[in-house]
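The first chain written gets the first letter, and so on, giving A, B, C and D; residue counts start at 1 in each chain.
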Amino acid sequence: MGFASTLLVIVLLLNFFMLGASRVRAVINGSAMQGVVLGLLAVSVHAHLDLEIVLIALVAGLVKGLLIPRMLMKAMRGGAIRREVEPLVGFMPSLLLCAVTTGGALVFSSTLPLAPQHAGSLLVPTSLATVLAGFLLLITRRKAITQVVGYLVLENGIYVMGLMLLEAMPFLVEVGVLLDLFVAIFVMGIIINHINREFSSLDTSRLTALREE
Amino acid sequence: MLLALILVTPALAGLAFALPSGKDRAWLLPLGGALNLFLALAAIFFDAAPAAEGWLALDPLGKLFLGFGAVLFALLSIYAPAYLHLRAERPNRVMVACLLVFPGITNAVLLSHHLGLMWVALEASTLATAPMIYFNRNARSLEAVWKYLLIGSVGIALALLGSLFLAYAELHENLVASLRLEDLERIAPSLSRPWLRTAFVLTFIGYGTKMGLAPMHTWKPDAYGEAPGLVGALLAGSMTSCAFLAVLRFFHLCVAAGEAAFARELMVGFGLLSMGVAAAFMVKQHDYKRLLAYSSVEHMGILVLGMGLGGNATFGSLLHLLNNGMTKGVLFLSAANIHRAYATKSVEETRGALRLVPWSASLFLLGFIAITGSPPFGPFVSEFTILEVAVREGRYVVTALFLTFLLIIFVGMSSTVLSVVQGKPPAHLERPHRQESFLLLAPIVIFLACSLGLGLYLPPPLEALLREAAGVGVP
Amino acid sequence: MIAGVLGVVLCVVVLVVSGLVALGLTRKPQVAGAVAASGVVLGALLGLWPTVRVLAGGASSEASASWSLPGGTLAVGLDPLTAFFLLPMLVLGAVAAVYGREYLLLFADTRRLGFPFFGFNLLIASMVMVVLARNAVLFLVAWETMAIAAALLVSFEHDRPEALRAGWVYLVVAHLGAMCLFVLFLLFKASAGSFDFAAFAQTPPVGSAAVAVAVLALVGFGSKAGFVPLHVWLPEAHAAAPSHVSAILSGVLLKVGFYGLLRVFQLLGTRADWWGPALVALGISSALVAIVVALYQRDFKRALAYSSIENVGVIAVGLGVSFWAGSRGHPRVSALALAGALMHVWNHAVMKGGMFLVAGSVLHGTGTRDLEQLGGLSRRMPVTAVAMTVGVLALSALPPLNGFVSEWLLYLSLLRLGADGAGPLPLLLVGMLALVAALAALAFVRLYGVVLLGQPRSDVARHAHESSRWMTVPMLVLAGLCVAMAVFPGFVLAALDGVRAQVGGPALFPADQLSLGRLGAFNLALWAVVLLGGRLFLGLVVRRPVTEDDTWGCGYPEPTARMQYGARSFSELASEQVLPAMLGPRVTRVKPVGLFPGAARFSADDRDPLTRRWYEPAFARVAGWLASLAWVQRGVLTAYLTYVFAAVLAALLWVSLRSGGAP
Amino acid sequence: MIEVLHTLSRLAMVSFLLRLLLHLAIAVSFPPLLLGIIGKVKAFFGGRVGPPVLQPYRDLLRLFRKGFVFSRTTTWVFRAGPVVGLITVALAMVLMPLGSHRAPLAFGGDVLVFAGLLGLGRFFTVAAALDTGSSFEGMGAAREATFSALAEPGLFLGLMVLVRHATGASLDLMLSTEGTARAWEATPGALVMVAVSFFALLLVENSRIPVDDPATHLELTMIHEVMVLDHSGPAFGLIQYGAALKLFVFASLVVNVAFPVTTGNPEADWVLFLGAVVALAMGVGVLESTMARLRLLHVPRLLVASSILSVFGIILGS
């Protein structure tokens, strides 16, 4: 279990990294790294490896670690942005917030009873903390791409939760989930493209025409 | 047969993608609508057997939602070619394809007895509807679709997390972790309570986002406001009902697990909050399509409120789903006709529609009367049924809030609707400049007839189905 | 003819079917109008027979059929209470339909008439259904259909902003009332377990639920009847609606509110002590406020509408006094007051219905309802003038007309109460009622003088023309009914006996019956004497030399029509100097001052004082609060996502707190 | 035996008819005298000789011999005004007991008919004034209608006091000498209030000072007189006579309340009653001579005060 726990801590640290990074490229890279770590996690948390698990680990690592980051990189270059200038909430405060939510996740998950085989595992707190970190990215960033990364991180958190249920979940559903994720981000990518063309910017704070007066 | 329900219209979508002519393509829609309706009715009447190893099955709840969705889609598909003809300047390849995929996906949601599959289908429905919202291809619709997609995806992600929690609730008790409804319902009483509760909260908020419950409703006015009226009706009627069914599936598990009380409180709370928020934004609303969106928020609130009250209100809530869907059909489509005649959604510039487009305006007016719960239209019956339970159970605060919100909504909506429908049209639009064609009106009239019919006479087979689905007998 | 309740149901069917046919014939307004109007007349004839039979002491009848709607049964019934309200509906409905056909056809060139014809038939049909219904769901369906049909008829001329607004205000108040009724019937249901009135009567709510029911009835039905402060829809609606619809609104629809009250009180069974005083308080305040406001209205029909509120108030006072006196052991007083209230329901239907038809005729003849534009019409519209004379006298509660008879009963009840020594407070009521009646006379002599007498104040009045026979005959029919009901009050009283018994009031004492008969005879004699006196005087005029000249202008040689006392000047003394300013018009004066005065200006705002002072500011404030919530939806996606985030956190927190620590 | 009874009843009938005739004759012929008396008293105070007491009769006869002048503006309403005005007052008179002499016509609730008749008369007088289209007459009509509307509560409130001790709700029973005497015994305070209130009513309804000045020549300050400016000849005669009759009716009302004395002898009662009425008329004359007309806007205060007096009366009387 030691290896798995280390990986989980890495996942948590990457959350902080992404929230603290100002370069969009770094954020995307962080998410890519998280994706790869998650792929490794899938293999490491399970005692008996069977084909399905390996396959899913492979697909997940590929989609989250390679495919999606590449797509986002492309969109970023299209939008010609490098930095998250003036996030809605500054980097330090968002790091602090992340610390608070991570702590909260730890507390909350301690109230949830675990099955014997998962006793002592960091899976649940990591999952919740990553979900919350994804939320924080979504809430505190202006650039469309960073927000997509936020969504990706949120999904990563959920994936961590899913790892505890790999045996329980039918293969088809797992693949479906990953496919949906991919298509969702693909569609978001298309829209980012359109936003870029329409507004000549990827700054979503300009998207406030639809509002109540 | 159930598989066919999921696959036939997407297959047509493939055909639509291949067809070169936009005009011919549009006519695939009524074909798809008719096929879908035929299949759905056949499945309902002949009690189609479960398919795909029991992942797809048709229970009473499914029958109700399936039939409703099929009727709704069929009527909208009649309207669609005439509407797309009006918008001939816009390429419709993606639009038609997505429209045709849509019933297949929603059928998958309604039929699936596996919560994972249901989730996948719901997420797919979000993705399939996004291009439809972006039909107008302008900055506003782009903004709308961006918000829709992001909020919707986040919501649905939460629902996934909730589903996983549910699975863990089984695992924790050393049960086989399965997300098949039949298994879950059987072992519900022995599920781990903390996990179950958290799972319900997460899925409720997640699918509630998709339904458009406050405070997760924020995408709704934007999406409904910027999408074509046709799409608005589809979202407000069909998509929300799918999300509602998803909520219901989890709710039923809570009930089976003996954890209904907290779930009910949550639903009553969110229901009232949705009504209140909708009420606040419907007063002095300047955009009549956004008005309809807030009305949809309100009625989603009523749906979960009814479920939360329980008992006969469950029946009322399911009936309200039908009534709301039919009436929203009237409202969105007639609003679309008015929108086309005036080329603006601003209430200030839209006056005297009765003069300009008398049929659509009359239908819009009647739709408004229906949706605000006035007899003799359907929504009255269902709202009254829900209210009855609130009064009988002595929940006077709920009753008072319910009625206060309804009144505020009535005041706000009536002043907007009346000033759109009545009055003097702007001078430059004095003459009726576009004939209201039969196909643009007939579906609206049928929607209204359904809404009125359900308010005057509830066919006994339908009532039986509703009661079966609600799990309540004749009171 | 079908006797019993089914006859009336058939009447409803005929009304709806003929209305639908008329709607289908929208493109042929002439035919549509004929179909719709003859449908109403036919329906009324079908319905009259069973109605009159029940009023004449025939047996009540009920019918019921199952209805596949949650809680609904198609239960209908015809008892004296129903028949009592049914009769004016049918009579006034038929008369107004004949009048309305001609009236609406004037608009044939500019408007589509299919809906107004259909809507009128639907309005009558739904009103009939309201009083027939013996099931709450059926009742509510009919009730709201009635409200919607009426609201849409009110906004018939919706390109006029005031008509649009009138329709909106009416809809809102009607909806508020309907919501009260929802809860009212649900409270009944909660104790009876069924929505059928028969079950309601078996196990009515008790305790605080019964109080709630009564209060809701007073608000819900009271808003329909037009009690102050829920009357605000009424003047707008009556003024904006086509005149035959105004006649129905005022003559019958307001009374349906009383039907509801009486029906609910009957279903509640035991009578609470506070109903009487509550009705009296509502009634007298409505009457006083309304008549003070009626006094300075510039719009002919609005003035009539305020008078309707006043009359509704008088009816409520009568009912209240009857309840109160009944519970305090004054059966004779109770009987008189009840008879007065019930008779006033009919009397007001006839006289105010007639007056609105007159107003329609004036509007038709001149094209305006603005009193300051009218004047001198009695020369050019002689038949309308006769009908208006009768109507005005009746509404002023003056002998020898029917309005006086019912108010006579009411005053007499209070006099008896005084004679029985019932304490000073109810007796002061007499003073207030006397003030109401006197102000009503003031208001109506003003209307009469300003519309019919003097010189025309505008070109439209100068070129007014009399309406056709299709419109004048209905007016004369109602005027004739006013006279007949004044001269034969005994017949009217006999017809009220069944409903009197059903409401649970004592019968009029023989001595009072005798007095009532004598009053009828006196009225007849008064007619005879006045007509004879008039004849003699005319004889004298013929025999004496008669010179025609201009009106003596007190030395001023060239008086013009503009110099006459107008509507506002006539009421200025009363409503701006004497009566409370709070209820008066808002007057803006810019007087010429200084050596080189600027432009002087004067304007008087005669809108409803409560609307102006309470409702508009309150609505504006609430709308302001709600508008200040706009920041919630200010278009910022991150904010929206924060809401979702917050909702998740709040819900999780709530779950863990609720289940005591661990979720 | 039966014949005797018949004869007796016939005798009773004849005597009844004779008494009725006398009653009506007095009621018809006496009123103009009151105007004469008031005029005389005012002349006395003004240090003039004044017209003879019987001058009003001569004026009436003269008017009835004249022809008519009608304004071109007017319609039948203008002609109906004086006729209805007189008829209603005359019928009101028929309902009014004169001292101990019973009213010729009485039925339960006729007291309300009394008020209604006065209202009807006023309605037509006002309508006739408006029919002329003159601004002056319109002004007078508005004032008359407004003030009498405000006077109405006073009348009814006073009646409420009286009905407390009456045996029935007819004017005849409420103002009967016995009934009023009983009331004086039971609640003298209340009766004083009512009597004063009714006296104020008399001044208002008959347009006397301090409410209105019947002798003024400035139209702008008039109420009643300006309203009848356009009437001429016999029509004006009817109005003048009606005014006298109305004064007499109200004087009877006040006297009935304030002076419920009977000797038991009908003839003596007539003398007593008419004497009281004449005294009241003289009182009015004195009042008119010593007081100035109130400002127009102060009149309502007088009216409200009279109502409030009756309210006190009710409170004292119950």
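Keep this in mind: contacts are C-beta pairs under 8 Å (C-beta built on N, C-alpha and C of every residue); 3 or more make two chains touch, one makes a residue touch a chain.
All values reported here derive from a predicted model rather than from experimental measurement.
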| item | value |
| --- | --- |
| Co-neighbours of chain C and chain A - touch as defined | B |
| Most distant chain from chain A, judged by the mean position of its C-alpha atoms | D |
| Chain pair, most C-beta pairs within the contact cut-off | C-D |
| Centroid distance [mean C-alpha coordinates] between chain D and chain C, Å | 37 |
| Separation of mean Cα positions, chain B and chain A [Å, integer] | 31 |
| Whole-Å gap between the CA centroids of chain A and chain D | 100 |
| Whole-Å gap between the CA centroids of chain B and chain D | 78 |
| Two or more partner chains touched - positions in chain A | 111-112, 135, 138, 147, 204, 207-210, 212-213 |
| Numbers and ranges of chain B residues touching at least 2 other chains | 143, 146-147, 150, 154, 194, 198, 221, 281 |
| Multi-chain contact sites of chain D, meaning residues that touch two or more partners | none |
| Chains touching one another, given as label pairs in label order | A-B, A-C, B-C, C-D |
| Chain C-touching residues of chain D, taken from the complex the two chains share | 66-77, 79-80, 82-84, 86-87, 91, 107-113, 115-117, 119-120, 122-123, 126-127, 130-139, 141-143, 145-146, 148-157, 159-160, 163-164, 166, 169, 219, 229-230, 233-235, 238, 296-297, 300, 307, 310-311, 314-315, 318 |
| Residue ranges of chain A touching chain C (in the complex, touch as defined) | 88, 108, 111-112, 135, 138-142, 147, 204-205, 207-213 |
| Of chain A, residues touching chain B in the complex | 111-115, 127, 131, 135, 138, 144, 147, 151, 154-155, 157-158, 161-162, 164-165, 167-170, 172-173, 176-177, 179-180, 183-184, 187-188, 191, 194-195, 198-199, 204, 207-210, 212-213 |
| Chain A contact footprint on chain B (complex, rising order) | 114, 116-117, 119-120, 123-124, 126-127, 130, 134, 139-140, 142-147, 149-150, 153-154, 157, 160-161, 164-165, 167-168, 170-172, 174, 176-179, 192, 194-195, 198, 221-222, 225-226, 281, 286 |
| Sites on chain C touched by chain A in the complex | 630, 632-638, 641-642, 645, 652, 656, 661-663 |
